[in-house]
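The same chain A turns up in both complexes below, where it pairs with chain B and then with chain C.
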Partner chain A sequence: MKQQNFIYLGLGIVATILFYVLRVSAYECIYAVPGFSDQFYNAGLYDMIPLITIAVPWATAGIYYYAINSVRFDRWYHWLLVGGISTMLTIIIGYAVNSSVFSDMGLSYGAESLSFELANAVWAVVMFIVASFSMRWWSSNCRHTPIPQ
Partner chain B sequence: MRHILSYLLLAALTLSVASCGSSPLDKAVKRALVQQDTTQAQFDSICGIIQQSPDRYRQYLDDKGQINIAELQALFDRIGGELRPPMRWDISAYGQQELSLTIYFERSGSMVPYDNAGDRGQLKKAVNDIINQFPGRKVSINIVNDNIYPYQGTVDEFIKDRNIYASTAGVGNSAFTDFQQIFGAILKAQDATNVSVVVTDLIYSPADAGSVSIDKILNEENSLVTSIFRQYKGKSVLVHQLMGDYNGKYYPYTNKPVEYRGMRPFYILVIADTPVMDRMAAQSEYAELLHPSTVRNSYRFNQSEAAVDYCVVPDWKDNAGRFRVDHEDATRLTKCEGDKTTGILCLTMAVRLDGLQKEESFLADARNYKVQSASGFELKVTPITPDLVTGNNKMYLDGKTHLLTLTGKMNGPRDQVTISLPNEMPAWIAQSTSRDDTNPAASGFSTTTLGLKEFLDGIASAFGAGGNYTTLTLNLEH
Partner chain C sequence: MRLFLFAIGGTGSRVLKSLIMLSAAGVRPVDENGHPVPNVEIVPVIIDPHKSNEDLKRTEALLNAYRSLRERLYGNAVNADGFFATRFVTLREIMSDSTIQLNDTFIFNLGAVEREKFRDFIGYDTMNEANQALTSLLFADYQLENKMNIGFVGSPNIGSVALNEIKDSDEFKAFANVFNQGDRIFFISSIFGGTGAAGFPIMVKNIRRAGDLDINNRDALRRAPIGGLTVLPYFNIEHSEDTRISKADFVVKTQSALYYYKDTMTGANDANVNAIFYVGDQEVSKPYTYDPGEHGQRNRAHLVEMVGALAPLKFAGLPLQRLSSPDGFPLPTTAYEFALAKDERDINFLTLRAATRRHVYDPLVRFHLLFLYLRTGFREQVGQGYTEDAPKIKSDFLNSQFYRTLTDDFMRAYVDWLVEMHDNNRSVSLFSLGETDMNRAITAVATRKSLLGRKNVDNNVFKAEMNRLSRDASYSEHTVEYKLLDLFNRAATRIINDRYEAIN
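Up next, the complex of A and B:
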């Protein structure tokens, strides 16, 4: 069982690294708009936003399983709530970074930036699930969340 | 737990390495390209990064510790090639030797009335502007008529001289202009870093021409010019036509002077090696030389086909239908589809044409372009004005001069659209030439020059005319 848990962790890390390596294609398959996507690429946001989309879900999942780690907060809907917060945080931080970079460059893509970050919710959710199934096994109180072992 | 932390640490390290791979130099170059800040100051700042860390950036320095322009250009090209759309900043000019300027000021009898004290002095002003705005101080001046004679004063004295023809009276023989002698000597003396400027009325006045027919004189002029220039096929000649006040004796080909007061054309010929001319065209410091502010018409001989910067503007008000610019090849458009209701595909390119040294009226006229495509696309040309540039399209329009809009219906799964700007002798040459200059009251006397066409045809024959100024290609796919 212990070895299987490490396999889950390894697969989660590989999936996360793969997501980062293939980030431009991953994002352009969910959201690509003429003009905006080129500026997004040139501004280096295809480097920054995926890092945020990885860091926030992994951090919130870590906090849920190892900091909160409570029997009073180990139901599937608790996990779903944390996942929702994680996704919202990813959207808000991503939008703030995106707007700041574009503003420095004198660009105004407010509507496109918002649409992009909302579309990024897809990857934020995927990353939270990947992070959860990578790290939950060693949590003393929440390892059965969201699905029992 | 230790194992888990090791796994996570390794993953974080991998992501850090993947995301922070570029050096400060790479970032500075990318920032300059993205922000279109391709100025000397920005270039100096990038060189400063290299010189502050000579060990880290050794490959961009030569043996003497100076910037290796070729290596740095390769870095600029690599980073620019990764951008969308790909960008190029030609930095080759920063490492080149200073150019020198040699003025050849014609002092034949017919030139003197261009600089009367009571007139506006456009001829002298045009020469002074070229001297004053030429970068660097390597300037020399010669007086030409039957031969070339060095000007005896300093450059400043020449500029200040209010009556240049009076102060150079007695230099050479002003009764005739020996083109063979003058152009032969200029071309022979010119080195690879020199720019020669000939200020002339371009009227061929050989000795003892009084009894010779005009046809014979002009044919002789044409052959003479060809025979001189054909020995120097690596040179480029830029001919500017300007207008100036004229008040005094005019010497027709019959050599019987007539009084004339009014406007007359005069010419500034810029002669340099073709790479030097191309280099000047790429640098704004030479704008006055290549595009004098008072120029009426211009034409460059021996202009090789040039690659110009262009990119498709993906989000533009005139665009219709759908297309996607390929990220690897900016000249390839995929998923091209006409508008759902009209079936029309309309796409716009931003192009930088100022390096072609053509007048705006020529560049802005779609009839001067040749469009080849299986679908019969039509072209519209719009000059880029500041009001068209907004924050969002700045990336595409900055540094560009014209918008080329193609409109048509694709009649196949793929099409290659080729837009070229043919290099043809401009109409103004035929309109500005005459074969009889004996009657100053004749219509067209004020705007024509005896034998201009024969003279310029002679240069064209020597260099071989034709070809295109530039060619742009787009590959469209459904």
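Up next, the complex of A and C:
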């Protein structure tokens, strides 16, 4: 079982790296608007936003499984709540970064940025699931959350 | 090593019941350094013609429950650690001689004795006049008329005649067949009644004179280390116009029997019994209902019985050189007594002396916490955490035979045992009865202080600890029953050390 757990962790890391490598295609398939997408690319946000979309879900999953790690917070709906918070954080931080970068460039893409980040929720959720199933196996109290091993 | 444990009479059954409770908690035979003695298997044999005795029936039911639970936990393994660690087996279970027909029971079959009045048993009516006159001198009329299926009603002179039959029984032959060099024999009996007071010396006599009997392993039996728990008066009975059993007679009977024992078994140079444990209490117990036997005799459990139950465990752990000479012959009797640290009426763990406390505190606390956990927390936790690790504990486990026997039968008897000891005098209050809060469950022992008040112990603390232990261990090769109790045992050990004040 322990070997299997490391395989899950390895697969999660590979999936995350693949997401980062294929980030532009990944984002264009969920949200692509002429003009906005070009500026997004030129501003280097296709490098920055995927990093946020990886870091926030992995960090929140890590906090859930190893910092909170509580028998009082080990049910599937607790995990779902943390997943929701993780996704919200990803959206908020992503939007703040988008807005800041475009603002520095003197551009105004408020509505597009918000739409992009809402679409990015899909990847934030996927990353949270990937992070959860990569790292949960060693948690003493939450390793069976959201579903039993 | 097998310890053949003969529990004779009502007190024998009650002490045996306490031994089962202690063993369920994981109290095991220990050596002089307090380390568990490996490879000990106990063969309890209850000798009591009074089959309708409620104490006997309760003990037998408990033994059967213990046996089935242990089998499910550890199979036939002799060595185990944790709850139900000590293996109890019947004579039938260990005998290989198929020519002897025995029931698979812990009760010695005294068929001939149980069926008859004493006068018929000794053939009074067929005696000549002179013998009848002599018999009438030795036995009162009510003793001659005594139907022995209610026991010997405090008359050792009946028992000493009737129980002499034992040596010819199939059970005794089976016992002789399975007895091996290295095994030990222990007797539990009271000295102030009828059955126990008579049965103990008769059994010892027959074993030591095995050379004269037509049985196997005669030499091993003659040289066997033999120990005995002789329970001195410790309970009171209600006043009755019927004087067959009277508290006033207890001391006189005890004195007479002690002299007899000294002359035949336990004297300074006598090697018939190698270790004798005396326990009694001059503190007057709450009076038991007067019942010579007709109404079932159901007496409250008592501190003396729990303390007495430690005697066979100590005996099993005594080094052989304390019982036998280097050439294998039994050594003269050594006598042991028991004392409390404080002569108080309310007994808790702090009232016990350090050696006793070290022996029983951790196992009993673990078992009590298990009782509370199963009662208040486990059901809700099925399907979560450690229960989801292989082998999974699913909700149908709650309806399994094992779980029902453990919680409905055994734990109920455990509570009865605690309540009865608590309601007696001395009052044993090891745990706060009715208290489901684990922080306050152990009398006189609180949880440790922490920065924010005191450390907490509850079902979630157990769940977290069992989750951690289960993550780091593999129970794939074990049953769910073993997994649950072993995890709990290990979790409780750690929680007791970390969260409760240390008293040992």
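Everything below uses one rule, namely that the second predicted complex is superposed on the first by the 149 of 149 C-alpha atoms of A that agree within 3 Å, B and C clash if a C-alpha of one lies under 4 Å from a C-alpha of the other, contacts with A are read in each partner's own complex, and residues count from 1 in each chain.
The definition used in the following text is that a contact is a pair of C-beta atoms (placed from the backbone, for glycine too) under 8 Å apart; a residue touches a chain by one contact, two chains touch by 3 or more.
This one's a predicted model, so the numbers in the text were calculated from it and none came from an experiment.
In the superposed pair of complexes, A:105 makes contact with chain B only, with no contact to chain C. In the superposition on chain A, no contact is made by A:117 with either chain B or chain C. In the superposition on chain A, A:10 contacts chain B only, with no contact to chain C. Ranked by how many residues of chain A each touches, chain B and chain C are led by B.
When the two complexes are overlaid on their common chain A, residue A:75 makes contact with chain C while staying clear of chain B. By the touch criterion stated above, A:42 is placed in contact with chain B alone, chain C being left untouched. Contacts of chain A with chain B, set against its contacts with chain C after fitting on chain A, overlap at residues 138.
Within the complex formed with chain C, the chain A residues making contact are 1, 70-72, 74-75, 138, 140-141, 143-144, 148-149. Residue ranges on chain C touching chain A, taken from their complex, read 384-385, 388-390, 392, 460, 463-464, 467-468, 471, 474.
Of all the residues in chain A, the ones that touch chain B in their complex are 6, 9-10, 13, 16-17, 20-21, 33-39, 41-44, 47-48, 51, 54, 105-109, 135, 138. Per the touch definition, chain B reaches chain A in the complex via residues 1, 3-4, 7-8, 10-11, 14-15, 18-19, 30, 34-35, 83-85, 313-315, 324-325, 391-396.
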